[in-house]
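Each in C-alpha cells, the structures are laid out below.
The following pair of complexes shares a single chain, chain A, combined with chain B in the former and chain C in the latter.
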Partner chain A sequence: MHRYILKRLVQLIPVILGVVLIIFLIMDLTPGDPARMVLGNMASEEAIAAFREEQGLNDPLPIRYLRYVFDMLRGSLGTSYRSSRPVIDELLARFPATMQLASASIIFALVISVPIGIVSALKQNSLFDTVGMVAALLGIAMPAFWLGLILIISFSLKLDWLPSSGSGSFKHLILPAVANGVSCAANIARITRSSMLEIIRQDYIRTAKSKGIGKMKVVLKHAMGNCWIPVITVAGLQFGTMLGGTVIIENVFAWNGVGDFLLKSISAKDTPCVLGGIVMFTVVFSVVNLLVDIVYAFIDPRIKAQYQ
Partner chain B sequence: MKKESKKNDFQLSPEEMEILKKYKKRSFLAETWRGLRKNKGAVIGLIIIALIAFVAIFADLLYDYEEVVIMPDYSATLMSPSLEHPLGTDEFGRDVLARIVHGARLSMEIALLSTAFSLSVGGIIGAYSGYLGGKFDAIVMRIMDIFLAIPNMLLALAIVAALGPNLFNLILAIAISDVPRFARILRSTVLSIKDSEYIEASKAAGARTTTIVFREIIPNCIAPIIVQASIVMAAAIIIAASLSFIGLGVQPPAPEWGAMLSSGRSYMREYNYLVLFPGLAIVITVLAFNLLGDGLRDALDPRLKR
Partner chain C sequence: MAHEIPELKVENLVVEYVTEDAVVHAVNDVSFEVPKGSTMGLVGETGAGKTTTALSIMKLLPDPPAKLVSGKIEFAGEDIVPYSEKQMDALRGSTVSMVFQDPMTSLNPVLTVGDQIAEVIRRHQRVSKLEARTKAKEMLELVGISGDRAGEYPHQFSGGMKQRVIIAIALACNPKILIADEPTTALDVTIQAQVLSMMRDIKQKFDTAMILITHDLGVVADICDTVAIMYAGRIIEYGKIEEIFDDFKHPYTEGLFGSLPNLQKRHEKLKPIKGLMPDPSDLPTGCYFHPRCKYATAECAKRQPKKTYLSDTHYVECLAYEEGTGVKIEGGDIK
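This part shows the complex of A and B:
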C-alpha cells in the first residue's frame, strides 16, 4: 500500500511542473510592462530598469520559469505588485476560507446526492425517480453564480433568514455552499443512480437476496461496496469544477477566499498573485485527485491486491 | 418461395431485396434520428435548440440591435414586466426580452465557434495520437493530461486574464480548455477501431497516414464526437456566462446573458426579474443541450445506455 501511495506521489511531480509551466506561459502573454504597472507612468527610465533587473524580468523565459519553480520548492511564489507582500502569505491567509467553502459544498453534495441516487435506482421509474432526475438535470444546467443570486434574493433579501455576504459563521456558509454544491450533487446523483441500477442486476446481489438477507442490508452492505467507485471518481472530478466555480461564488457572496483574491488580482493586473492563485488551485486539485486514487486503493480490492 | 432461393444462393428474392434496400437506405443520420425519436428528453432538447437557433438567426428582424438592444431610453428605466415589455426593462430602459434574444445569438456563437475549434484541433491531435501510437502518443497524451489537471474554468480564466477580456479571447479561452477532452475521446475511439479490417485494407492498398486518418478514421469516430460536442457546448455556455458575469468575458453594453446578470445584480433587491430572466435563458439553453447530448449518447452508443 505504501508503495502505491509513493508511486502516485512521484507521478504527481511532473504533472505539477507541467501545470505550472502552462500557466506560467499563459500569464507571460499578458501585455504591458510589469515594471511600468508597479511604478506608474511617472517613474524614470532608471527606476524602471532597476526594477526589471531586481525582479529578473530581463532574463529569458526558460530561466524565469526555472527560477519560479525553484522558488516554489522553497515555498515562495514571488511578491505581490500591489501590497509588496509575499504572494504565498496573501494566499495562505485566505486559503482556509476557500477550503472551508469547498469542503462544505462537497459534503452538502454527497449528503443529498447519494441517497437520492440510491432511492431513485431502487424505485426506478417511480415518481421519486422522475422528480429526482429532472431536478438533477436542472441542477446541472444551472450556473452556480446564478443559483447564488437567486438564493440571496429568496433567503436573504425576501425572507431575511441568512446573511447574503461575508464569512465567519456557519450561517454565512450555508448559501454559498449550497450554490456551489448543487451541480456537483446533481452529477453525483445521476452517476449513483446509474451505477446502482447496474449493480442491483448482478448475480451476487440476487444471491444475497435469495439467502434471505433484508433488502436494506443487501443494498447497504453488498451493493454500496461497488457503487462507491464511480461515485468517488465523479466526486473527485467535480471537485475540480467546483474549485473553478469557487472563484465566482466567492465573488457573489463576498467570501474572503483565494478565488475572490484571484479576481481582484486580475483586475489590478497583479500577475504574480494571479499566477500564484491559479497554481495553488491546480495543485489542490491534483492533490485531491491523488487522494481519490488512494481512496480507490482502499475500497477496491483489485488495486489493493496488486501492491501487497 | 423458399425452394427457389435455396436453389440459387446468389439470387435474392424480391422480398429479400426490399429488406436489403431498407437497410442500405438507412444512413447514419437516419439511424441516429430513429434512436433519438424514441427519447422524449432528446426530442424536447432538439426542439428547444431549434427554437433558440431560429431566434438567434433572426434576432435582427425581431429587435433592432442599435435602436432597441443597445441605445438607452431613460424614459423607460426599470419597468416591471408588462404587455409592452414582457420581461421588463433594465436600468438603461432597454427591453430585457430584446436583449435576451440577441444574447441567444451571442451564446450560440460562442458555443458553436469554441466547440468547432476544440473539436477540430483536439480531434486531429487525438486521431493522430491514437493511430500513430508510440512516442508521439505518449508525449501528446502527457501534455493533454497536464491540461486536464487544470480545472476548465481556471484555465479559461487564466487565458482571458492574460489576453484581456473580449469576445474573441473568450471563445479562444473556452476552446483551448476543451481541446484535451476531444483529443482523449478521439484517441480512445481510434484505439478501438485501429485494427479493423477496413483500415488494414486501406493500408495494404498503399494509403498514406493522412489519408487513413482523414478518410477512414475520423468519419468512423463521428458518434462519440457528436455526443461530446453537445455536452461541451452546454458547458461552454455556462463558462462564457460565468466569465462575462465577473467582467472577464463579453463586455457591456453587449447583451451577453452573464453580463446582463452582472449589471442586474445591483438592482436585484427591488427588480429581481433583471436577475431571474437572463439566468432562466441560460438554464433552458444548457438543459436543452444536455438533454440532446444524453439522447444522442443513448441513440449512438447502445453500450452506454443505462
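This part shows the complex of A and C:
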C-alpha cells in the first residue's frame, strides 16, 4: 500500500512538468505582451523594456521553462506581475475559500443524491424513479451560473433569507454550495441508480435475502457496500474539479476563491499566477484522485489485494 | 406409523412469469413431499422450472415478473404462501435455507466470510456478536475450512471452498429444510465428490429434509432417497430412487438415462433426446413431451396425461400407462 502511494506520487512529477510545458506554450502563443498589460498603454518604451528584462521575458522559451521548473523545485512559483507578491501566497490565501465551497457542495450533493439514486433503483419505473431521473436530467442540463442567479433572485432578493454574495459565515455558503452541488448531485444520483440496479440483481443479494435479514439490511449493508465504488469515482472527479475553483460560481457569488483569481489573472495576462494556479490545480486534482484510489482499497478488499 | 406430517409439502404449485409480450408457464401444477431426514432429487434440463420451484419455496421469486399463481407450500403442515415478507424473513435462514447455484457470485465480495456466516446466526439466534463469530468459525470447521480464515474475503477462496462457505451459511441455523440448487455444477469433479459427501454427512447429522436440484443423475444416485423428474414445469415421473433408476416408465426419463455415456461400451454413440424443451410461453397441447417423444401418437397431442400410480410411491404422467387411451410403448428400453 505504501509502495503504491509512493509510486503514484512519483508519477505526479512528469504530469506536472508536462502541464507546465503546455501552459507555457499556450501563454506564449496567445497575443498580448505581459509587460504592456501590466504597465498599461501609457508606459514608456524604456519602462517596458526594463520590465521585460527584469522578469526575464526576453529569454527564449526553453530557458524560461527550465528556469520556472528549477524555481518550482525550490518551492517558488514566481511573483505576481500585478501585486508583486509571491504567487504561492496569493494562491494559499484563496485556497481555503475554494476548499470550503467545494466540500460543502460535494457533501450537499452526496446527501441528496445517494438516497435518491437508491430509492429510484429499488422502485424502478415507479413515479419516484421517473420524477427523480427527470429532475436529475434537469440538474445536469441547467447551467450553474443560471441556477446561481435564480437562487440569488429567490432567496436573497425576494425572500431575503440568505446573503447574495461574499464569504465567511455558514449562511454565505448555502447558495453557492447548492448552485454548485446540483449538477454534481444529478450526476451522482444517476450513477448510484444505475449501479444499484445492477447490484440488486446479483446472486449475493439473493443469498443475503435468503438469510432472512430483511430488506433494509440487504440494501444498506450488502448492496450499498458494493455500490460505493462508482459513486466515489464520480464524486471524487467532481470534487477534484471543484477544488480547481468553480470559476463561474465564484464569480457569480463574489466568492474570493482560486477560480475567480485564475480568471482575473488570465485576463491580465499575469502569467506566473496563471501557471501557479494551474500547477496547484494539477497537484490537487491528482491528489484527490489518489485519495479516491486509496478509498477504493478500503471499500473493496479485492482492490486492496491488487495494491500489495 | 400413521401418516406423518412431512417437513415440506408442495401442492399444486403454479408459477408464471408475466412479461409484456408473454406469460411464461414456468411451474405447472407441481406437488411433492419431503419428509424429515430424506432427500428428494429434482432432475431436469435447464429451464424445466427446478430453480423456480426452489425459489417459490423460499418465496424469493423475483416479483415482478414472477407470480405464484396458485398452490400450497407447507412447512410442517403450515401453509406459508399467505405469509408476509416479515413472517418469511423469520423462516428464511433458520427453518428453510438454500444453497445457490454459482459459488463464484453468491458471496458478497466486500464482506468477510466470517461476517457473512455470523450474520445469519445473529439474525435468528439470541447470541452476542462474539458468540456469533465463534459459531461462524465452528461452521467453517464443520465444512472443512480452518476457522482462522473467517476474517478473509471471498476472493481469497477457491470455488469449492466458496461453495462450502455458502453451505456453512445455509446450515448455520440448523434448518429443517435445505434446498441445494445445483450445488456441485460449478465445481470440478474431485471437489464435487468432497462437497457431496460433506452434504450427506451434514444431512444425516441434522436430520434435514433436503431438495437437491441437479441435472446430474450420478449425483442423484449418490445421495437422494426419492427422485422427481421435471419437464416443462411438470413432474412427469416421481418415485423412490430404486423405482426411477431400475424401473423408469416415462419416455423422457428413458431419454435422460439413454443420454448418459455407457462406461462399458465406450465406443457407443451417445443417444441424445431429439429436439429442445418447448418454449414455456408457448407450451404444446396435450402431453408437453409429445413433440419429442418417439412413442407419441395423435392422442398424445390431445390429452394431457394424469398421474398414474404404479405403486404407493411411484407415479408417472404418460398416457401409455392410463387405461383406455390406446397409447402404447413398444420397442423401447422401457421394461
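Rule of thumb we're sticking to: the second predicted complex is superposed on the first by the 285 of 308 C-alpha atoms of A that agree within 3 Å, B and C clash if a C-alpha of one lies under 4 Å from a C-alpha of the other, contacts with A are read in each partner's own complex, and residues count from 1 in each chain.
By our rule, a contact is a pair of C-beta atoms (placed from the backbone, for glycine too) under 8 Å apart; a residue touches a chain by one contact, two chains touch by 3 or more.
Note that this is a predicted model, so its numbers are computed, not measured.
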**Message:** Should chain B and chain C be called a clash or a fit once both complexes are overlaid on chain A?
**Reply:** fit
**Request:** State whether A:Phe70 touches chain B only (first), chain C only (second), both chains, or neither.
**Result:** neither
**Request:** Would you sort A:Gln202 into first (chain B), second (chain C), both or neither based on which partner it touches?
**Result:** second
**Prompt:** In the superposed arrangement, does chain B or chain C reach more residues of chain A?
**Reply:** B
**Request:** Look at A:Arg302 in the shared chain and tell me whether it touches chain B only, chain C only, both, or neither; answer first, second, both or neither.
**Result:** second
**Prompt:** Where does A:Trp161 make contact in the superposed view: on chain B (first), on chain C (second), on both, or on neither?
**Reply:** neither
**Request:** For A:Lys211, select first, second, both or neither according to whether it touches chain B, chain C, the two together, or no partner.
**Result:** second
**Request:** Figure out whether A:Thr282 sits in contact with chain B (first) or chain C (second), or with both, or with neither.
**Result:** first
**Message:** Once both structures are overlaid on their shared chain, how near does any Cα of chain B get to a Cα of chain C? Whole angstrom is fine.
**Reply:** 14
**Fill in**
chain A partner, complex, touching residues on chain C are 58, 60, 85-86, 88-94, 97-98, 100-102, 105-111, 116, 119-120, 123-124, 153, 155-156, 166, 169-170
**Request:** Name, in rising order, each residue of chain A that touches chain C in their complex.
**Result:** 202-204, 206-215, 221-222, 225-226, 299-302, 305
**Message:** Touching residues of chain B toward chain A in the complex: what are they?
**Reply:** 41, 142-143, 145-147, 149-155, 157-159, 161-164, 234, 238, 241-242, 245-248, 258, 261, 265, 268-269, 272, 275-276, 279, 282-284, 286-287, 290-291, 306
**Message:** Touching residues of chain A toward chain B in the complex: what are they?
**Reply:** 14-15, 18-19, 21-23, 26-31, 137-138, 140-146, 149-150, 152-153, 157, 194, 197-198, 240-241, 243-245, 247-248, 251, 262-263, 266-267, 274, 278, 281-282, 285-286, 289
